[in-house]
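Both complexes below contain chain A, partnered by chain B and then by chain C.
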Partner chain A sequence: MILVVDDEAHIVRVVAFKLRSAGFEVIEAFDGEEAWDRLEESRVDLVLTDRQMPILDGIELARRIASNPRTTNLPVIMLTARGFRLTPSELSDAGIVEMIDKPFSPRGLVERIEEVLADRNAGEAAA
Partner chain B sequence: MLLIQAFIWAAVGFIAGGLSYGLIQRRRFDRECRGLAEGSVSDPTGLAVGLRDVHDEHERRIHAVRREQTLSRRVAEERAVRARRALEGLEDPVIVLDADGTVAECNQAASVLGGRSEDPRTETMAIEDLLPSRVAAREIADLARGLCDVETEVVRRTFFTMVEGPDVRDFAVSLRRLDSTGRVLVVIHETTREREILRMKSEFVAKASHELRTPLSSIRATLEMLEEGDLEDETARSEMLGIASEEVDRLARLVDDMLDISRIEAGVARPRIQSVDLGGLAREVVDALRPAAERRSIELVSRRRDEDLVVEGDAEMLSTVITNLVGNAIKYVPEGERVVVEVAPDDLTRSVVVTVTDTGLGIPAEDLPRIFDKFYRIARYERKARGSGLGLDLCRNIVEEVHQGRIGVDSNLGEGARFWFGVPARHASSLAA
Partner chain C sequence: MSTPATDMNEAIDMIMAGEVECIGASWISVLDGSPRWPGIEGSIANWRQRLLVESKPIRNELEQRVEEIVSGQGRTVELMPGIWAVGSTHVENHQEHSGIALLVSGELLEHGSLSMLCNAAMLDETLVRNLADSIDFPDGGSIPAMAELVRRLHRGAVERIRSRDAQISVDRRLSDSYEELHLLNSLIDGLVLGGDTEEFLRKACDELAATAGYRWIALLVDSTGSSILGDNVLHGDEVPTRGELRRIADLSGGAVATSIDTRTHGEVGVAAIRGGGRSLGTLVAGGRPGEPIGSVELTLLASAAGHVGVFLRNAMLYADLDSMFLGTLQSMVAAIDAKDPYTRGHSQRVAVLSRDLAASIGLPDAFVRNAHLAGLVHDIGKIGVPESVLCKAGRLDEEEFALIRQHPQTGYRILKDIPQIRDLLPGVLCHHEAWNGSGYPAGLSGEEIPLLARIVAICDSFDAMSSSRTYRKALPREEVFEEIRSCADRLYDPRIVPVFLDMDFTEYDRLLERDAPISAVGAVERIEVDRDGDSPRRAA
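The block that comes next holds the complex of A and B.
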């Protein structure tokens, strides 16, 4: 199950539609705080979040996910504006596996999510 | 006789002391002198009269010379006062440095540069006494010395920064050799405001590009899904194309608002000022927005006083303001609520005031001061339909910059909001006069 988080309702609708057509289960949230509530309610495999959001932004959400033992292994993909970069250590500290620039290709997004989940499953199988 | 002789000799000494005199007097004097040399003074009375004339002429000339000197001294003094006033009147600090680096002269702006209350201008003063930044003072002194030595280079420039509590002030300094004695003219120009404008511009571009990118994401995603056959389903296609279409409108509005605001801010907007009935204008806007209100089951009420509601203004711009305020209310209040548009004259400010009151969620107190800022959004409204983020800033610009009116908002959280703007009534200025 994939949690899609963006304060832009249209982006959430479009991304959720594409992911559902690709066969994923999707739940939606419109800010970081709401996303955290959803994570507590459901078993999520990957979080796809916007960076700039009110109340709790994408980076804070990722840090909270990384620092909680229950969610620490949950991969986070972040959508962001071009030009915003984090250092590799900042990325790994926040458990962000990838930053994708807006505007993005939905197909490319699905492919990347499939790769990340495949890596994760392979890792867990090996462990 | 002795007395006369003594008088004559004294007069001769006086004359020989460098007097200038007229031709006639000189001839007469010469004749009398010859008489004296030959030991015969033919006419002592005539001699005395002649000498008096010489003396009077001399007095006249001395007087003329003195008058001329006084006049030119006064002209020079006036010129110096004017130069001094011009120097003092300059907002930029100006300092004249002697070849040895001491301050020969400086203006008021230079004397208060360091934020001192008392005037530090004294007889011997170094540039360090004027500038609060020791590093900058030393650099300017070095550059000034360099200018004295180098014959070819006459202008040098440098920059320095001053920290005053939380404020950082930037300065650009230009140094120019003033004369051959090695004096240097130092002009200091504060560039803090320029830097601030550049920073604001850069921040605006960053925010605007973020705002442009978001609708582009939805549009691009929809196009790709359409191309790849993801939207075979009729309902899905219709929903996604609807989103893309709304986002295209949003992009267009964003671009329009950016252009309108930048034109007004740059002072190049060309408003068409004419008599505008704000009551009629408000009714037109309400009629145009009624379908949108009905879609959200919002009761849209228009009220106007039966009085003169005419202002001098640009009808199209004022219509944009009312459309934005009413449109926002319709967009952000919960379904089933009420939006009231009222137009009434305000005798106190001699203006016509349009008020848009809603029974919605209200605006948190901390958001009120910033609600008219560019791209400012209230967190709790984020999930609602979005506009350009520039609507209220455009309204403020149109009302305050173009119409010299006032715009504002009153709200208590949970009790709805009341947006209002007032534009000077027609003939308000002639009434006030």
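The block that comes next holds the complex of A and C.
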């Protein structure tokens, strides 16, 4: 199950549509705080979140996920405006596996999510 | 692109089958005027469905009267005592969906029709009667109300499915426009004037492959486009051969974007690359086995082709401008070289050396290019020195020296108003400055002398010593090296000298041989006096 978080409803709609078409289950949230509530209710395999959001932004959400033992291994992919960069250590501290620039290719995004999940599964199988 | 109509009809029929079953009826979809009989699982529990759907008498009756029933719009038709048919047709988004509900009323049990139908559907009548006894069948009077309910259920199902389809179609379009937006955005990033052509095209192919799902992309250049792009660009795996690609491109007839079904490579997309009103080439993409190329893939291909066209056109204009500019500089330089046959080709050779030296030091491409141009024009100020002085074989007097020593400033003045070459000016003005401050015109020393000028200075001296002059013969390479080595610290930047001595002089030697004066042997040997007056070996 994939949690899609963005305060822009059309982004959530497109991403959710593409992911559902690719056979994923999707739950939606429109800010970081709502996303955190969803995470407590459901078993999520990956979080796709926007960076800039009201109430709780994407980076804070990612840090909260990384620092909570229950969710610490949850991979986070972050959508961000072009030109915004974090250092590799900031990325790994927040458990962000990848930053993807907007405007993104929905098709490319779904492929990337499939790869990240396949890597995770391979890693868990090996462990 | 939306869900195919057949899928939607099936979805509506599935909803109807479930909903009318709840009121003890059966749903028969009608397509192109004929009923589609559903398959019923052969259990006795389904006796009512089997009775309605699988018995010949009902089937025959219905098939004969299907048109009348469907067009009746909710009017009930009693096919036989206790068996009712109600037709329903709804139109939504110009698409029609029809079906018939078969209903049962209590009269079925009172007349002989039940035993006839049981026989026809191969059901045990006693068993059916036992099961039917426990059911409270509606009487014939309430059938019109049930018919109305069926019509409403049908309308609801059609609206739900069609609006779901419309929503999916909006989502799909939204998603497709994101793909295009992403592609255009990536391509626009690459449309920097003078940017690297190959890199732009590689990126364009990468992005197009990723967004539209093409496995291979080929960019075929026409003769006009080939001035910028030496060869076709092939990207991805299992690209067809050049001959095949050419044939595919020819088949498209220069269309903006079209898909062509090839026998060997499946469906491929073809888009014309145009720029400045001329055809520059063709973009061919494919490798989506089993997947047709739809309008989205073609739109993306056409967008990419459009951007590639703009890029190639810009690159061509830029190259034209660049070659015109270089040509102008070269003619100016040729005019000075023509004044003195002994310095023929000197500027060209210093240009090549300066370029190679800048590259060997590891300076960026833009600097290397400037070093080349600065080498080319460094002596342009000599245009202001009279030929009698420039070509004089004998000793120069004080006044004549002064004239020669003005050439860096003269060159600077000639070039300073051309904004495109502002960066070269230090190389022209300061190429006779010396590391120890003994040079001219300003007497700068060390790092005060711009790097470009330090590079040109060493190359200038090297060529002067390596070629024959009016006043002396060329020196052998080893002697020239020794001279330069001994003047590091005094005349040249000591850090650059070893890099220079380590360079490959093959191209330089070829130029030197080409430009060698016919009668170099006749030159007067007079190494001890220098034309520029400040050091024994510094020649102009």
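Assume the second predicted complex is superposed on the first by the 127 of 127 C-alpha atoms of A that agree within 3 Å, B and C clash if a C-alpha of one lies under 4 Å from a C-alpha of the other, contacts with A are read in each partner's own complex, and residues count from 1 in each chain.
By our rule, a residue touches a chain if its C-beta (ideal position, glycine included) is under 8 Å from a C-beta of that chain, and two chains touch if they have at least 3 such contacts.
If you're wondering where the values come from, they're calculated on a predicted model, not measured in any experiment.
Residue contacts after overlaying the shared chain place A:81 against chain B, while chain C stays out of touching range. The larger set of touched chain A residues comes from B, when the choice is between chain B and chain C.
Looking at the shared chain after the overlay, A:103 reaches both chain B and chain C.
In the superposition on chain A, A:9 makes contact with chain B only, not with chain C. Touch criterion met: A:54 reaches chain B, while chain C stays clear of it.
By the touch criterion defined above, A:30 reaches chain B but does not reach chain C. In the superposition on chain A, the residues of chain A contacted by chain B and by chain C overlap at 10, 13-14, 17-18, 82, 103-107.
Interface residues of chain C facing chain A in the complex, by the touch rule stated above, are 168, 171-172, 174-175, 178-179, 181-183, 185, 207, 210-211, 213.
Chain B contributes residues 209-210, 213-222, 224-225, 228, 230, 236, 239-240, 243, 246-247, 377, 379-380, 382-383, 385-386 to its touches with chain A in the complex. Put simply, chain A touches chain C in their complex at residues 10, 13-14, 17-18, 82, 103-108, 111. By the touch rule above, chain A contacts chain B in their complex via residues 7-11, 13-15, 17-18, 21, 30-31, 52-55, 79, 81-82, 102-107.
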